[in-house]
Amino acid sequence: MNAPAHVPVDPRFAHRVRESFGRQKAMALIGASLTAVGPGAAEVSLPFRADLTQQKGFIHGGIVGMIADTACGYAAYSLMPASASLVTVEYKINILSPATRSLVARGEVVKSGRSLTVARAEVYADDGKHVASMQQTLMMLADTPDRPE
Amino acid sequence: MNAPAHVPVDPRFAHRVRESFGRQKAMALIGASLTAVGPGAAEVSLPFRADLTQQKGFIHGGIVGMIADTACGYAAYSLMPASASLVTVEYKINILSPATRSLVARGEVVKSGRSLTVARAEVYADDGKHVASMQQTLMMLADTPDRPE
Amino acid sequence: MNAPAHVPVDPRFAHRVRESFGRQKAMALIGASLTAVGPGAAEVSLPFRADLTQQKGFIHGGIVGMIADTACGYAAYSLMPASASLVTVEYKINILSPATRSLVARGEVVKSGRSLTVARAEVYADDGKHVASMQQTLMMLADTPDRPE
Amino acid sequence: MNAPAHVPVDPRFAHRVRESFGRQKAMALIGASLTAVGPGAAEVSLPFRADLTQQKGFIHGGIVGMIADTACGYAAYSLMPASASLVTVEYKINILSPATRSLVARGEVVKSGRSLTVARAEVYADDGKHVASMQQTLMMLADTPDRPE
């Protein structure tokens, strides 16, 4: 995508991303973990579990969306100042293949603007199959804590 | 939306939808239930639980997406022949307000074509707040079982 | 959609919308006109012309997108203060039927927030066929002129 | 995106793509041309013209969508058998920057399935600015002519 290298304004961004992810109880519920963080990039991994499936035995499309959403969100959050928080404005996801195995979602920032960030995530299965592609818009809330108010 | 009334080809559609929903382990995991089914319409309800939240204490945007995705999917599935199954091609969701309370997602079919169906869902909180809007594309798989193969 | 009635902050909103539309040279190029304006609503009409078509003789999907985009945009703009302008953040459109006839795109606001507005448009052919559905996000730019700077 | 190399089933794909594009009267209307074709890839170029603009003097977001839609469509079409045609199911586009100059839209196939193809396009201005990102779904119509019936 020829994206320019992203330069985080907060040098402690990786710590901040990991700490925020750790407070996402929904990620614990589904067994997802944050397996990589970089400037404008984040990776969320999800081991296969039967209780994540839909009626045909595939990981639920909404759960595929959850990890892609989270990977995009933390990719964007890595570039924010420490005093800001982020909200998801919207996302769009194409399911490319049934998710029958453990997954990894890799998010990266496409464009980081003053208030809006656009990010993408690709979801792959552990056999290399491309499972989903997301495109997402996020909005920075300046001087807003990233925790319950 | 001036949508024409939908006429299901399978008179036992409501039974079929409820039975399929009952096999979605991911819905049990998050505590969601199917609270209404009609021709081209389905409603999924989700009580608030702390383990569904993200870092700010709101229900995770991906979980909002899960119930909207499921409401759209069963709205579409209600109009399918009993011998078919459905896959989600893609969806797009706008998060309109933080989800801080119990939610209901109401899905309805916009257009039911030969192989593709377009559906929408609105997600509301139990205080009436409009939380999210989804637009989704699904594809019918003719003569394919709606269960693990 | 049970949307609440929208109350425009600028009582002269209809004049402002018509005047802004009149400066869209791209609408003149394709022969589109603004045929209705209301609070949180706008309608754009497009007579069929052979030079709007793609390789199969249908109105180009991108032109269907243009009128839906514009209908959403002016639906949103009708609710803005006179001193603001708007930019399109993103949109998603489903093409439901081939566009073989004159079209009308009806946009309406789903949620008008402090900086972001979500709108939808439906596109119909003049024989009543439902041609497309759009969901769009727009951002208000406060105190920014709605004309070339 | 680590996309695998695409192998076209029709060795004369480039000729077929150029010939089909040449029949898109809407592309002639806006002055767009097809400037590159490859297996699973297509590029559409659009010189800046005042009659393509919206009220602020930027190229209309819907016209940005038109060229991105067309670049995705021909990227997908390049991989189809000569006997098939294609329809756009849906697309989603983020506008990243105002389009104030000549544009190029580069489309590429993300996944080419049996009936559905997912493609993406990036739109750049001639000063290198990233103007838009699209994600699109297309459906192949087997044994259907790519011209008016």
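When the chains are written out, they are named A, B, C and D in that same order, and each has its own residue count from 1.
The rule we apply is simple: a contact is a pair of C-beta atoms (placed from the backbone, for glycine too) under 8 Å apart; a residue touches a chain by one contact, two chains touch by 3 or more.
Here the structure is a predicted model, which is why all the values come from computation and not from measurement.
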Furthest chain, CA centroid comparison against subunit D: B
Result of counting contacting C-beta pairs for B-D and B-C, higher pair: B-C
Distance from the mean Cα position of subunit B to that of subunit A, given in whole angstrom: 22
Mean-CA-position distance for subunit C and subunit B (Å): 28
Mean-CA-position distance for subunit D and subunit B (Å): 32
Two or more partner chains touched - positions in subunit D: 89-90, 92, 94, 118, 137
Partner subunit A, residues of subunit B touching it in the complex: 20-21, 23-30, 50-57, 59-63, 65-70, 85, 87-95, 98, 146-149
For the subunit B and subunit D complex, residues of the former touching the latter: 89-90, 92, 115-116, 118, 137, 139
Complex interface listing, subunit D residues touching subunit A: 1-2, 92, 94, 96-97, 110-111, 113, 118, 120, 122, 130, 133, 135, 137
